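Chain lettering (A, B, C and D) follows the sequence in which the chains are written, and residue indices restart at 1 in each chain.
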């Protein structure tokens, strides 16, 4: 039930917003924030109740949704999702509070969409039914597209349409594949219950699995986004309002990698070995490509957007790397889950900070800044911390994920690791270039009226950076919860490989 | 020689009879009363009443009657419900729509009711003669409805186009019936089916094959499948919006009702692969053609016309998934899918047309995309429901349109037609572009509205229509179970 | 006597008539003539029905013919009414002059 | 104390946090007390740890705090290793660090007409400096390669922050070097601190890639990153690895050694990756002294000594290390000969001295490497701080062409600079003399060629050191205005200078050449060797072939003698006959220009790496992202839309065309079914 509360609270909040007076923005702001905080509290409660020792799904609830068709409202979480849910509720609260001053028009609609988006995303993370998942997966598009298209920048409509069409085209085939899987069901009856399907995944032939895996992965890769399906991301990020970018980078991209692990791999374990080389190659290309392209952007948000391509490349690399015998790397996989959270925090923070600047100066061009650390020391310090987190500096969260992913990758595929490791050089280069162009150098007088962060913004930044440090110092707190889940996924693949090789 | 009196089970046909009687009553009242709006309400109430026997019939087993000319099985009854709802909602739209445009006439409601009768006959008929009669009753009423707005030449033009092309297509349909009759010696669809199973050597009889082809063409015309769709955009565009709403869902549903019954019963065991391929190809070009042409539209009404072509394509996917008779379980899937699709499409599409009717300016036809600019600030409720309809038409969950598509594609997957489902989904993605463009106008463009800022009147009946359809779209999108259970009752007797 | 003339002759004739009708619809621009051509197609169908009916010794075909004739009459009535209505706006019977709806 | 060793890190870290968060509010005086205090306390804890280690006879002890990451067979704890090597490093870092902290409390304050102006970001400076100390201690105390890598990266970040401390300063254009009777030689402008910091970080990261890959390879091969487990696993088959490496095989150990060394090349500024260090001089001078001379840059040496088992098992890579070290030392020394920027002379000398250390560890003289590391920390910190003292007095002028005669104005600074310079030059009996001589002796054992390079470099070192000293402190002032402005600094500056100067002179006591002295009948211990003995694992049967006493003495005499001669030559060139350097510069102008421009290596890197990378990025951004991918994406959308327009035009509005099109459709469908009737098996 507690999971259902997570889903329902934002919806109720969104509906309640309708009845609040439109003019009283203060009230709407506070109300929306209160709703997100309630969800943060629920998710923390969830985390505290989570039983580290037991394997499998927890807090499950299974109600027949369409009984005649074996479609269920089946929800539950495991180590894969628990931190992503925390991340979602957390970032949603931050997104709402960070919009207080940034959004001035149609605040009511904006906040309602934010809340609906939260529901959709949480829905994806807790669904244990193929079609329930698909419902939330697609439903998450609408609020995001509207947020970008309504409250975004100059080219917001182009970006919004591109976002939705790209994603929809990607997931078009996934629905068909999902229906095919559903139709296989448990071998007798069709069913969309994920655990049942996973238990019967061996019934589907290897060739069929390859095909279906591709259809799923295509949808997920667009979302991640994996090179070369990433070009919607810079457009969407540049145009999106700050909170939109925070959620987009922080959570929405994870839907892709999360779903790879939750659905694509367990449902089609026999296909993983076939597609792994391609995915690993694309991930590595993405790491280098995203970093190189980020290097020459003149818009801060674009730079961060391309950095996301690179960072998410690490995640995909960690998930799919395997050796010639098809052995997956537990280390890389667990670290990939961790890295999802890390990227959400660090990139979310970067976007937030860029938003702080944008709110004051209404520009994101590097050339408009320069030397502002003198003027805004607190902002500068947080920006550098966020940059360090993004660049994978030890002590902060990014390092843990990247290092363990690379180490796991190296043990399976040294060549991929070799190339991917160069990504950290490029990461340093582009992030520090951004720091240098914004904060360092002779002071650009255009920023004379720039004011430093207010207490609310400092509070938000602290809320970002404290978890970053925590993960940097005590990653095992998270890993010990993540490990059993990745272990079970990896062993599914290992078993499948054994069957296939026989 | 004793005279055998036919067993006439009037109860089995009670919904049809109610609607016919209703039409006659309205006709009489029309002569006596000056309050034409009241006629509309009367018709609406009567249609609500007609739902009652439908509900009773749902729980009955099949009851063929009138010398096996018609059957009142679950399939027919579910279609009755669809038609009645379509008629009811479109009448609600018409009430003020006609009034405002000075064409409030009793005939309108009579024609709607008669047309509904024709559709119901098509759904119930098990004999090609009745099918033909139903088809013509429906069509002729629709020809007139299309040309109902006598103040606008475009409405008359729509009527003429519909009429001429419709008659042309009818001729082909009839020729097809004649061939089939010639080949099998019967017009009863069960007999035809039996004859083919009994005489396998005739399975490649060219006369029967050409007859089947012409039959399919006749229905393809009615459901607006490419390449027999040419009338559709012009007629939908020119006809009064309330009538467009009705014909877009009613005529389409009726066409599919008859086509599916005939194909699965008469041709369920013969030529299956052949017509499956033909229907699949039709489905592909219909989906694709409709969607792609819709991309270029600047007028939302016309865009919806093209979109209705595309939806005919998705429905054809379901038809292609109809497997041979005997495999009852699988047919249930395809038929349930089609029914679900049509039911949801009825609500969504009428809702969308209701919004068009609200925004349509007097003396003009259709609504330009620019009429929707910033609608979200001018009319948040209308904009919101239109957003629901657009996303639902795209097939994005959690709206009911998704489940229709999902079910139909499941049937296709089960019939080994995954490739068709895949093409369907790709088409869905393409269609998102033009549906989205309405949303973009309403929600994302904020340019000063200019002369569009004319206040939009919100007549109660239309608001009720959009509210009901929107509720349906959303609630059944989230919880489709009751609807799906209802559809599973919609099986052939 | 039907026995003297083989069925195929009737079918061929009706096919020819149907084709002429269809050809007329395609070629002619006058709405009334088109209407007549459609009638001709329908009558070709009627001929087919009657021929089959006789050949199969089944009355159904002939019943069908009656239905068709009724429907054809109704169609003409409606069609002419539509044309009359249209002529209030534009004095033309050439169908191609009515093309305000396109695209 | 051993169990509290984490305090060594926690104390400066707490200082960093305090200064970073509250530093601005509490005022500079509080910061100036907190920062050095934490380091001093850390020094005391370190001292305690060192005594306990001594009491344990050097036995290593682990202090485990918590599990950092545990996945499957991977288990990495946060734990510290307390052993002679780590304690040596802790003492150097905290000890020298403390002195430099004290120095900086005054250096970062400007006294102007009796008014006190602390630097704008005084608190931030000490926060970073404290943070650096903590990071460096993580590096040296970590008991596994991950901890080492964490520290490795963190010191790089601190270095970045501190180099770029004066982040709003622009590039610094340099006056061309005048050559009497010849064309002047242009000097490239000095990079801005911000750019220098970034360069340092990025170049270091290149090395870090190697290091990280080395760590990965260790884990993949041996399944552990813990020093003790790993070394014992290697040691069991070290002989085998060593043999096969000697036979020309490139073993996995060799690969690990090489990859780790790539990391060291970056961090310790060896050839190919040294380019960041000279630019790092853009940072405040205490930073140059602490990070870019005494501690961080020696991390590579520490790493190799820590990994001595690995390197001993990979003699081929060790040889490579020695060669790179020797070459770097020579190469950097040549550049230092002609630099006009006092700090840069010292920077190149640092690169050169680091080369010495690598030569030492490359030839297997691990103790000698650490010994030189320690003495170098003393004398180079002393030199840098003295140079900083000069800068402070001259208002940040560091160009030796504008100095001269400063000894009269700043006697303490000049004196300590002299002492530090003597140690650097290897003047007999100074600390530098002993440590350098030990390296040269070992190198001679290994290969006389390496020794040759080393001795030549030693000569050059003495020469350029005293060239700088004579130009800066002796002779006539070349810029009278600056000279008049100059003044001696306060005790906070001169105090640490003197302490370091004393250490620079007497630090040699830690490593007196015991065998030689033993032969001569004097029994003194080689403190360093005895102390570090437990951590050096013997691999291979060393045939204890000590060079004869005569050879040893000749070696000692030659290096000492050469230092003296070189100093005299410098004296002659710059004090007596000043036209000689000018003549030399004129007559060997191309060579001179080459050296002044540092062999154009920066320009080369820019052309070969930086520019192409940026061009590639631009090409990818425009060509692939915007043109190719978005071309396909937007193009297909556009194409479909155009198709839609075309299809829409087919909808012409003419009924006749509609009828025709419908009829064509009829023909197709009927034809299809008709054909199927004729050829029933066509489909199936």
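We take it that a residue touches a chain if its C-beta (ideal position, glycine included) is under 8 Å from a C-beta of that chain, and two chains touch if they have at least 3 such contacts.
Please read these numbers as outputs of a predicted model, since none were measured by experiment.
Q: Using direct touches as single steps, what is the fewest number of steps from subunit B over to subunit C?
A: 1
Q: Would you mind checking the shortest number of contact hops between subunit A and subunit C?
A: Each step joins two touching chains, and the minimum needed here is 2.
Q: State the pair with the higher C-beta contact count; candidates are A-B and A-D.
A: Ranking A-B and A-D by C-beta contacts puts A-D first.
Q: With centres defined from CA atoms, tell me which chain sits nearest the overall protein centre.
A: Ranked by how close its C-alpha centre lies to the overall one, first comes A.
Q: So, what's the distance in Å between the C-alpha centres of subunit B and subunit A?
A: 42
Q: Distance from the CA centroid of subunit A to that of subunit D, rounded to the nearest Å?
A: Distance between chain centres, rounded to whole Å: 37 Å.
Q: Between subunit C and subunit D, what is the separation of their C-alpha centroids in Å?
A: Here subunit C and subunit D have centroids separated by 96 Å.
Q: So the centre of each chain is just the mean of its C-alpha atoms; given that, what is the distance between subunit B and subunit D in Å?
A: 77
Q: Would you mind listing the residues of subunit A that make contact with two or more other chains?
A: 165
Q: Got the subunit C residues that touch at least 2 other chains?
A: 22, 25, 95, 98-103
Q: Two or more other chains touching the same residue: where does that happen in subunit D?
A: In subunit D, 637, 648, 651, 653, 655, 659 touch at least two other chains.
Q: What chain pairs are in touch here?
A: All touching pairs, sorted by chain label, are A-B, A-D, B-C, B-D, C-D.
Q: State the interface residues of subunit A toward subunit D in the complex, per the touch definition above.
A: On the subunit A side, the touching residues are 162, 165-166, 228, 230-231, 234, 289, 292-293, 295-297, 330-331, 334-335, 371, 373-374, 377, 381, 384, 388, 393-395, 399-400, 403-404, 406-408, 410-411, 414, 417-418, 421-422, 424-425, 428-429, 432-433, 436, 439-443, 474-476, 479-480, 483, 486-487.
Q: For the complex, which residues does subunit B have touching subunit D?
A: Those in contact with subunit D are residues 160-161, 164-165, 168-169, 172, 203-206, 209-210, 212-214, 216-217, 221, 226-228, 230-231, 233-234, 271, 273-274, 277-278, 289, 292-297, 430, 433.
Q: Which positions of subunit D touch subunit A when the two form their complex?
A: 20, 24, 66-72, 74, 120-121, 124, 146, 149-151, 153-154, 157, 160-161, 164, 167-168, 170, 192, 194-195, 197-198, 201-202, 205-206, 208-209, 212-213, 215-217, 219-220, 613-614, 616-618, 620-621, 624-625, 629-630, 633, 637
Q: Which positions of subunit D touch subunit C when the two form their complex?
A: Contacts found on subunit D: 648-649, 651-656, 659-660, 663.
Q: Note which residues of subunit B are touching subunit A in the complex, please.
A: Interface residues on the subunit B side: 376-377, 380, 391, 394, 396-398, 402, 406, 409-410, 413-414, 418, 421-422, 424-426, 428-429, 432-433, 436-437, 439-440, 443-446, 479-481, 484-485, 488.
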